[in-house]
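Chain lettering (A, B, C and D) follows the sequence in which the chains are written, and residue indices restart at 1 in each chain.
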C-alpha cells in the first residue's frame, strides 16, 4: 500500500492520525518536538506563578492560584502522555529539557515581580496561549488534538480568573492600579512575541502541510492584539505601544515593531530567568532521585512478594 | 620534684597555671571539658540570636545584633584557642559537639520567638553568664582566665545593649510592651537555671579545690536574682514567679522552686531546639567541608611552589 | 450544644486550632508546588494544599463568626500575630525533603480522619458540616501518604534511612497533638468536639501498622514538649508568617 | 557641585543606588551568620555585613536629607516597595553556597574600591566623606575575598568546579554594573560621581588577574541583561524584602 498517499489523503480529508497509523518519520519527529516542548512549557510554567503561592494576598486567591498551577502540571502530564504515543519516554523527554536540548516557551523566562503579574499571566499569557492552541484542537494527530481540547478549556477558565484578579485590583487602591500597569508594561511585548517570528521569517512550514499548524503566526498575533486592546480598555490600563491604533482600512489594530533581538536572545538562553528556571527543575529532579528510586525498588519487592505468594 | 605539691602550692597562693606547667591529668581534663563546653556554647549561641538578624526592625538594631553575634563567634574562637593550649585540637572538640558527646549551655535550646527575645537574651542570659564568668577571670588556669577577662568585658556591653533595647520597647506601643513581657516570661526560669543544680546536688567539687570554680551555684544565682529584680522594676516588667519577694532577714530575694525536671530534660537533649541547633551546626560543617578542603589543598600547593622557587 | 459547659473564647480557640492546623500545613505543602520529585506528586501535593486551604477558609470564617467582631478569613490568616496562632508545632516545621513531608502528612492525616469523624457529630452544626466535607478529603490524604510512607520506608536502603530520619524528627512533635488542655475538656463537655487526648489510642492503632509495614522503627516517647497549640511556636513559625502575611501587612486594607 | 547639571531626583537616585547595593548585599551576607564553613569566616562575613549595613545607614540618611521629606534610614530601608530599590540584581541573588558568596563579594568589592575612590572627590561633600570611610572597608573586603577566590579556584577539583559555576552564574549579572543611564551622565557632569560605565576597564584590570590566578575561566559576555538598578528586580528580591521588612510592615510607626 502507498502509506504516504493514504496518510496525506487522511489529512487532506480532515481526519485524525492515530498512534498505530503509519506516519512519515519527519511528521513523528515534528510532533514529538512540538508536543514535548509544549509539555515542558507547562512544567516550567509552574515556576513563575508558583513563585507567588506562598505570598498570595488572600486565601481565595491562594486557592485559585494553587488550582491553576496544579492544572498546568496536569496539562504537562497529558501532553507527555500524548508524546509517549509517538514512541518516546517521558524521562527521555524530560532529560532533553534539563540538558537544554529541548526548548520550552520563552515567556517563562520572564520574572513575576508583583502580585498583578499573576493576573496578567492569566490574561495575556494564557490568552495568547489559547489563541495559539485553539487551532491545535483540530490538528491532525489525534492524541494531541484531544489533549488540546482539554487544555484549552482549562486555559480559558484561567484567563477569566486572571482578568477577574486584575479587575479587582483596578477597583482597589492607587498602589494596586500601579502594580497592574507595571505588570502589563512588562508582559505585553513578551506576550506578543509568543506567536513566534513573522510568517516571512518562520521555519517549520511542513507543519501547515501536515495539518499541525493551521493558522499563521501573524494572523494569530493580529487576532490576539485585536481582542486584547478592548479588554485593556475595559480594565483601564494602557498597553505600552505608542504605535497601537485602529486601522480602519485593515479592520485591525496596527502595532509597533517587535524587538526580535530580545526574542532571540531569550530563546537563546539569555533571558532573565533561563538559568534559574532550569536550575529549579534540575534541583527538583536531583533532590527527587532517591524518591523515584525508592518507588521502583518498592514496586519490584512488591511484585516479587506477590509472585512468591502465588 | 613533687609536682603535685608545687601545683597545689601555686594554686593556694592564687597564682596561675600556664600551659607548660605540670598539672594533674584530672585538672587538665576538667579544664578541657569546661572550656570547650563554654566555647561550644558561644558557637551554638550564635543561632538563636542569628535567627533575628535578617528581620531586625531597624538598621541600627541590625548592626548591633550583627556585632554581638560576631563577638560571640570571637569568644568561641579564643576559648577554643585556650582549650588548645591543653593539648587538644579544635576539630576534635568540634566533632565532640556535633556527635553530641560534648555539651553546650542548655539555655540555647530555647527558641527566640519575638524581637524582644533579643533584648531579653542580652539582659537576662548574658547577665547570668557574666555572674558565672566574672569569678573565672581569676581562675587558676592562665589562658582561660585571660580569655574570660575579654569575654566578660564584651558581655557587659551586650547586657547593657540588651537592656537598652528593652527600655526602648517599653517606651513604645502596647504591642511592644507585650512582646517584652512575653519574652521575660519565657526566659526568666531558663536564666535562673543557667547557674546549674543546687550546691547540695552539684558534682565537680574538684573544681573548687583547683581554683576553677570559686563561687557556688546557689550564691551566684542569688546574686543574679537580687540584681535583676531591681532592673525589672525599672523596666516595668513582672518576673513570672509569684514566690519572688524580699526577705528582710536574709537580705536577699526569696524565689520559687526551680523545675529541675525541665532542666534535666533539656540537658538530656529534649529541649525545644536541641535537635535543630545541632542540625544547623552539622549542616554548616558538612556544607563547608569542600571549602576547608580547598583551603588545605591550596596551602599545600602554595608551599610546594614556594619550596620549588627557593 | 450546652452553652454552659464552654465559654465563647474556648469555643473559638477550639475552632481556631482546627483552622490553623490546616492553614499552616497547607502553606507548608504549597511550597512544594513545582519542586516535587515527580509531576504526579506535584499534583497530589498541590491538591492536598488546596484541600487544606479550603478547609481553613471555612474554619476561619466560622471562628470569625463565633467571635462576632467582623474579622473574616483573611484578617484571621494574615493579620494575627504569631502568638495568636493555635496550630500544633508539627505543622510549621520545615518540609526538609519529600520524606519528612510525606511522614508528616501521614501522621497528621491519620489524626484528621479520626478528628473529622468525631466532629461530624458536633453540637456546633456549622462545624459538623465542615467536618463531614473534610473527612472525605482527609481519608484520601491518609491513603495517599500511607502508600508513600510504605514505598519510601520499604524501598531502598537510602530511602529507608531518610524516612526513618524523618520519623525520628517528627515523632516528638506528634505528642503535642494529644496534650491536654482546659479547652479540650470544655469542648468535650459541650459536645463541640473530642478532647484531642482521647484520640491517641485510635491514632496509634491507625499509624503503627503502616509504620511497621514501612519497616520503620517507632521512636520511644521522650520528655520533649512543644507548645504551638498554646501559642508558643518554634523559630520556624516567624519565617513562615513573614512570607505568608507580607502582602496584607504591606498593603493594609486593600482588597484582592 | 554644579546644581544645574543634575536634578534633585537624579542626585537622590545616584545615592540610593549606592545605598541599596550595600544594604541588600549586607542583608544577604548576614544570612551566613552562624552557618559559615569555619568560625573565622563567620566572623569575616559578619564583619563585612556590618560594614555594608553601616555604609547603607549613612547613604540612606543622606538620600533622605537630599529628598527633604523627612524619611530616615529605616523608612527608606523598610518601607519602600520593590520597584523603588535601586540595587543591581547581582546583590539580591541568593548566596547559594560559600563559593558564590565569595565570588560575588570579590566582584563587587573590586567595583566598590574603584567607586569609593572616585567618590572621595565628589562635589557632594557628605558623599565624599562617606566614600573616604568606606574605601578602607572595601579594600579590606577586596583583599579578603580575593584571597578566598584564589584558594577556592586553585584548591581541589571540586572547589574549582564549584567556584567556576559560581563565576558562570554571577558574571552575566556583573554587566549591569556598567550599564549606562541618564543618571550616570548627570552625576558625572555635576561631579557627584563617575558614570559607572567609566569604571569597567579598571574593574576588569583589577578582577581578571585574580580570576586567572584562581585558574578560573572568565565567561564571554552574552546579551543577558538585568535591570535591578532601574527598579526591575529578579524574583529573589521580593522574598528578601518579605523577610527584611516584615517587622516594620507589621508594626507601623513603632520605634525600635
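We take it that a residue touches a chain if its C-beta (ideal position, glycine included) is under 8 Å from a C-beta of that chain, and two chains touch if they have at least 3 such contacts.
A quick map from chain label to UniProt name: C, D = Phenylacetate-CoA oxygenase subunit PaaI.
Given the structure is predicted, the values throughout are model-derived calculations rather than measurements.
Trainee: Along touching chains only, what is the step distance from chain A to chain B?
Mentor: The fewest touching-chain steps linking chain A to chain B number 2.
Trainee: Which chain has its C-alpha centre farthest away from the C-alpha centre of chain B?
Mentor: Following the centroid criterion, the farthest chain would be A.
Trainee: Based only on mean CA positions, could you tell me how far chain B sits from chain D in angstrom?
Mentor: Computed from C-alpha means, the inter-chain centre distance equals 35 Å.
Trainee: State, to the nearest whole Å, the distance from the C-alpha centre of chain C to the C-alpha centre of chain D.
Mentor: 42
Trainee: Of all the residues in chain D, which ones touch at least 2 other chains?
Mentor: Residues 81, 242-243, 246.
Trainee: Mind pulling the residue numbers of chain B that touch at least two other chains?
Mentor: In chain B, residues 55, 175 touch at least two other chains, as defined above.
Trainee: So what shape is it, when you link every pair of chains that touch: line, ring, star, complete or other?
Mentor: Contact map by chain: other.
Trainee: Tell me, which pairs of chains are in touch?
Mentor: Every pair of chains in contact is listed here: A-C, A-D, B-C, B-D, C-D.
Trainee: Which residues of chain B touch chain C in the complex?
Mentor: Going by the criterion above, the answer is residues 48, 51, 55, 111-114, 175, 182, 186, 261, 265, 268-273, 275-276.
Trainee: Where on chain C is chain A touching in the complex?
Mentor: 23, 27, 30-31, 33-43, 46-47, 49-50, 53-54, 56-57, 60, 73-74, 77-78, 97-99, 150-152, 154-156, 158-159, 162, 243-244, 246-248, 251, 253-256
Trainee: State the interface residues of chain A toward chain C in the complex, per the touch definition above.
Mentor: Against chain C, the touching part of chain A is residues 43, 46-47, 50, 53-63, 66-67, 69-70, 73-74, 76-77, 80, 115, 165, 168-169, 171-173, 175-176, 280, 283-285, 287-295, 297-299, 301.
Trainee: If you look only at chain D, which of its residues touch chain C in the complex?
Mentor: Interface residues on chain D, with respect to chain C: 81, 239, 241-243, 245-246, 249-250, 252.
Trainee: Any idea which chain C residues touch chain B in the complex?
Mentor: 81-83, 169, 172, 222-226, 232-235, 237-238, 242
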